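In the two assemblies presented below, subunit A is common to both, partnered first by subunit B and then by subunit C.
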Partner chain A sequence: MKYYLLPFKFTRIGDHEVFVNEVGDMLHAPIGTAEQIVNRTIEDPELYKSLVANFFISEIRIPALLDVYAERLAEKKRFLDDYTALHIFVLTLRCNQNCIYCQASSRDEHCAASSMSRENMRLAVQHMFKSRSQYLTMEFQGGEPSLEHDLFLYGIELAEEINQTEHRHLTYVLCTNSINLTDEVMATCKQYNVLISTSLDGPSWLHNQNRGKQDSYEKVVKGITKAREILGADRVSALMTASELSLNYPIEIVDEYHKLGFTSIFLRALNPYGKATDNADWEAYTNRFIEFYKQAFEHIIELNKQGHVMIEEYAAIILRKLLTPWCTGFVDLQSPAGIVNSVLIYNYDGYMYASDESRMLAEENDFTFQIGKLSESYENLVYSPKVKEWSKVWNNEAIAGCSDCALQAYCGADPVRNHSTQGDLYGFRPTSLFCKKNKAIIEYIISCVIDRYDELMPIFRNWIR
Partner chain B sequence: MKLSIDRQIYSDACISKVVYWLSAQYAIERTLDGTIETLSISRNDGHPFDETELRSQCLRLLNDYKLRQTIDDETRDIRTILYAKAFADDENLTVE
Partner chain C sequence: MKQRPLDIHSNDNTLFTTEQCNNHCIMCCQPPRKIDDIDHYYQQNIKRVLSAPKDLPLIALTGGEPTLMGDKLFSLIRLIREQLPNTEIHILSNGRKFADPEYAKALKLAGDNKVMVGVPLHSDYEKDHDIIAGSKGAYNETILGLYNLAMQGIAIELRIVMNKLNYMRLPQMATFIHKNLSFVTWTAFMGMERVGFADTKSTHIWIEPIEYIPQLCQAVQLLDDFRHEVVIFNIPLCLLPEQYHPFAEKSISDWKNKYTDCCEQCRLKEQCCGFFATSTQLYTGIKPY
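The block that comes next holds the complex of A and B.
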């Protein structure tokens, strides 16, 4: 049998060998097939045809459709051509909640010294427009950004003014706990079509316990209801973060989202930043989170089978990478990494940071990912020696462990997490909990596609539409 | 536990990759005598372990990395061409 190999990676999941090519297309076959492919002893003619059709092997040295394949590869990395699209403006660290697991080191709502100045907002908005991206998302974070309504409005008005000549597609997102959605804040959201991204951890007793408050849930739900009435239900989304306590209640959390009329949920693990670092044993937490994820995921599948729309967003991102030719634009699972390439942070302190987590580290006096002062030029900031140094470790195609990994096309590189949890930017995959969690969940989703194809694909197709 | 590996069959790179993944749990000393490399393996935490199981895990990993090495070696040029076509600015890039 004469053919040429094309680049691909393989791994074993359950009883299968799983093959993934350069654009993330996946095939599976019985264990032992990789050896057959390499040794040119493929026995199954159907498999042979699939391998040729899907760019795993070629009957001629340079496949006739190489240009098409290259175009597909470029499409998967389209986010690089799009430049930085997500711009996070941390208006303040002041907060009216100060949750137990806060990852952003929030301060008391009356603390005056922790909000962005108007001058820094002006510089930040100007920097945002230096990105060549046609699509700019201006995301307002905190602390609680709604406590700084004037600054929030000022930032949007500046962006609108500059955009009269720039003509970019602008999206505004307010990341809020929904407790302070005053008429003033809602009027601004309505006027500028601002999306509301709020956080809700689950049923009342769980949410309140996570927040260390008696009535947080009631206030959040009231805020969600108000925002939906004014902006429309599709303009309001919620995120959950799984505290250690939450891990015992996957079913209850999903049911709460369903009860409140949400059609999607992002099952998000805690990150080791801010107050969350007090969590004693991250390895045990990660193991429990993986089990939590699977139980919640199966419950979501059951809801879908009963005819309810409920999407698990992390799975949907992986499925898009696996089943569609498009790039997902999700900055946490990207190579080259999301930092700088896809996201920039303008912090309340007047500095630019590489990612949301980077500014959280700065609150612990770790300024590794502080890029520079907002008063510096955009070019000096994003092409600084620091950023160039990070670029050596932000491709999972080129770092130990990841470079051979078959899940590489679905996963990402995260030098900030490597630094914060392992003490160096390069990271060590065998003990990386980022790797462990991603690997476990991605393999689980792949096994769902392989082993439960007829049962789950109709649901998955709805999720990735 | 000791494991002897013939470097004429498994390259230094293959063995290094196996050692890399095992090093989370095991301390591994490598010694080379002619073409035979010996891995001396013990648990980092000093606990006993199933040697038969670890031996077969090592051999499985070695074989997998050897296959991956072959794929990488045979596809290096086409991969370079593919990436050049996908990302080089020159739209007229052609391959003879």
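The block that comes next holds the complex of A and C.
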């Protein structure tokens, strides 16, 4: 047998060897196959044909269809052509809750000093339109952004005005705890078709405990109901964050989402930022989260089998990367990383930051990912020496550990996380908990696809669409 | 080859362009011949287009290989567009010529959004495709051709004719199409017509449909899972599991259908494609519903 190896990676998952090519196409075969491939002793003729057809090996040195392969890679990385699409506006740090794991290091709601000035809002909106993306998402965060209704409205009006000549597709998202959805806020949301993204951690006792208030759950559910009535059910989504306490209640959390009529849930782990860094042992947390994820995932599968619609969003993202040829825009699992490439933050303090996590580090006086003052030019900010420095470490194709990892095509790079948890941008994969969590969950999803294809595919096909 | 008059009531209005082909497919129902017939058919087709009913819904260009006409293909298409502005033009081609991006571009210029190209793919593995197409290098040119057509935004019907040499890889082919050719408008799986080369070499390539139904269904399911359009032609309904009946189309050409005695009592006869009128033998496993 004479053929050439093309770049591919492999790993062992369960009883299989899993092979992944440069564009994320996956093949699996019995243990020992990698050795056969390398030694030119492939036994299974159909596997041989699949390896050739799917760009794992080539019968001539340069594959005749190299351009086809290149085009496929370009499609997978299409988000780079699209440029920054997600623009986060942190209106204020003021908040009306006191969550035990608050990732934004919120201030008391009556503290005045920590909100964005109108001038900075104007500069921020102008920067947003410098991105050449045809799709711009303006996401309002806090603290609790609904406490700054006038500023929120001002930002939207500015964007609408500029868009008269720019003609981009604008999407507005309000990230709120839903406690303060006043008629005023709702009227603005209605007028500009704003999506509501709210936080909901699970059943009332769990949610209230996490949020540090007795009646938070009731208020949130009331807010969700109101927002659904005014804006429509499809305009309201919820996000959960798994506190340490939450990890004991995967079933209850999923059931709560189902009970409240949500058709999707994003099983999200805590990030080591803000007050959350005080949480004890992160390694133990990560291990427990992985188990939590699997239990919740299996329960979601059960709901689907009973005929209910419930999508687990993290799995859906991995499945799209794994099973489709299309680009998947998700800033937390991207290479090159989401920072700057896909997301920019305009903070209440008048500075541009690289990501949501970056501005949270700043609250702890770590300004590593502060890009610069909003009053500087877009070019000076986005093409600054700092950003260029980051670009050396934001590809997982090019950093040790990831560069030969079979899951690379499905995973992402996160220099901010490397910095905050390991003290350097480059990171060290063997002890990285980001790596550990992603690896465990992605491998779990791959084993679902391989071992339970007929059982799960009818469900997954609805998640991917 | 005698051409039938273009008829508005028929669903098979064909302009036959040449008997020549740059492939030599083992199951070709129009085995290519090396004769200089392009001008002859070209002149004939011009007359046929000029006298065609003005509201003809569809006209098909076949051969042989229509792209061997070179630029005459575009003159013919321009004439059709001029004379029959509402008629859809379906070109049946092996796609190889479109490996030249300029040729694909010229087709777009001539046909704009009125043309669709039907291209057969025999395997996802180069050498299997080339063996079935009877020509080395066919696969690579066809795949590049498909990409160039897609780059021009030209609609593509991908055709897979099931035979003994390719049925084992139908599911792998479906994955390949999903991953590498996801831009095609639809994929058509077609039962083989048992004439032409197909009969003389029949032991080599003929396979009873009933034997490849599992692979066929798996392939159809896979494409449907990822929301690609997919159709099945020329497979009698009684050979297909019921859940795949919605994918089955009655026929490509109305004059090609025939039925057997037991079809008379079958309640699905109206929807069923039956058999090729030209086929010399019936399929195994036929039973009325």
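Quick note on the criterion: the second predicted complex is superposed on the first by the 465 of 465 C-alpha atoms of A that agree within 3 Å, B and C clash if a C-alpha of one lies under 4 Å from a C-alpha of the other, contacts with A are read in each partner's own complex, and residues count from 1 in each chain.
Everything that follows uses one rule, which is that a residue touches a chain if its C-beta (ideal position, glycine included) is under 8 Å from a C-beta of that chain, and two chains touch if they have at least 3 such contacts.
All values reported here derive from a predicted model rather than from experimental measurement.
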Partner chain in contact with A:D25 - subunit B first, subunit C second, else both or neither: second
First, second, both or neither for A:A400, with subunit B first and subunit C second: first
Which partner, subunit B or subunit C, touches more subunit A residues: B
Which superposed partner A:L73 touches (first subunit B, second subunit C, both, neither): first
Partner chain in contact with A:A34 - subunit B first, subunit C second, else both or neither: first
Contacts of A:T431 with subunit B and subunit C, given as first, second, both or neither: first
Partner chain in contact with A:L65 - subunit B first, subunit C second, else both or neither: second
Which superposed partner A:L5 touches (first subunit B, second subunit C, both, neither): first
Which superposed partner A:R452 touches (first subunit B, second subunit C, both, neither): neither
Contact residues common to both interfaces of subunit A (with subunit B and with subunit C): 67, 71
Partner subunit A, residues of subunit B touching it in the complex: 17, 20-24, 63-65, 67-68, 70-72, 74-75, 78-79, 81-83, 85-87, 95
For the subunit A and subunit C complex, residues of the former touching the latter: 25, 46, 49-50, 52-54, 59, 64-65, 67-68, 71-72, 323-326, 457, 461, 464-465
Sites on subunit A touched by subunit B in the complex: 4-10, 22, 34-35, 38, 61-62, 66-67, 69-71, 73-74, 77, 400-401, 404, 428-431
Residue ranges of subunit C in contact with subunit A within the complex: 123-126, 128, 140, 143-144, 147, 168-169, 172, 176, 178-180, 182, 225-227
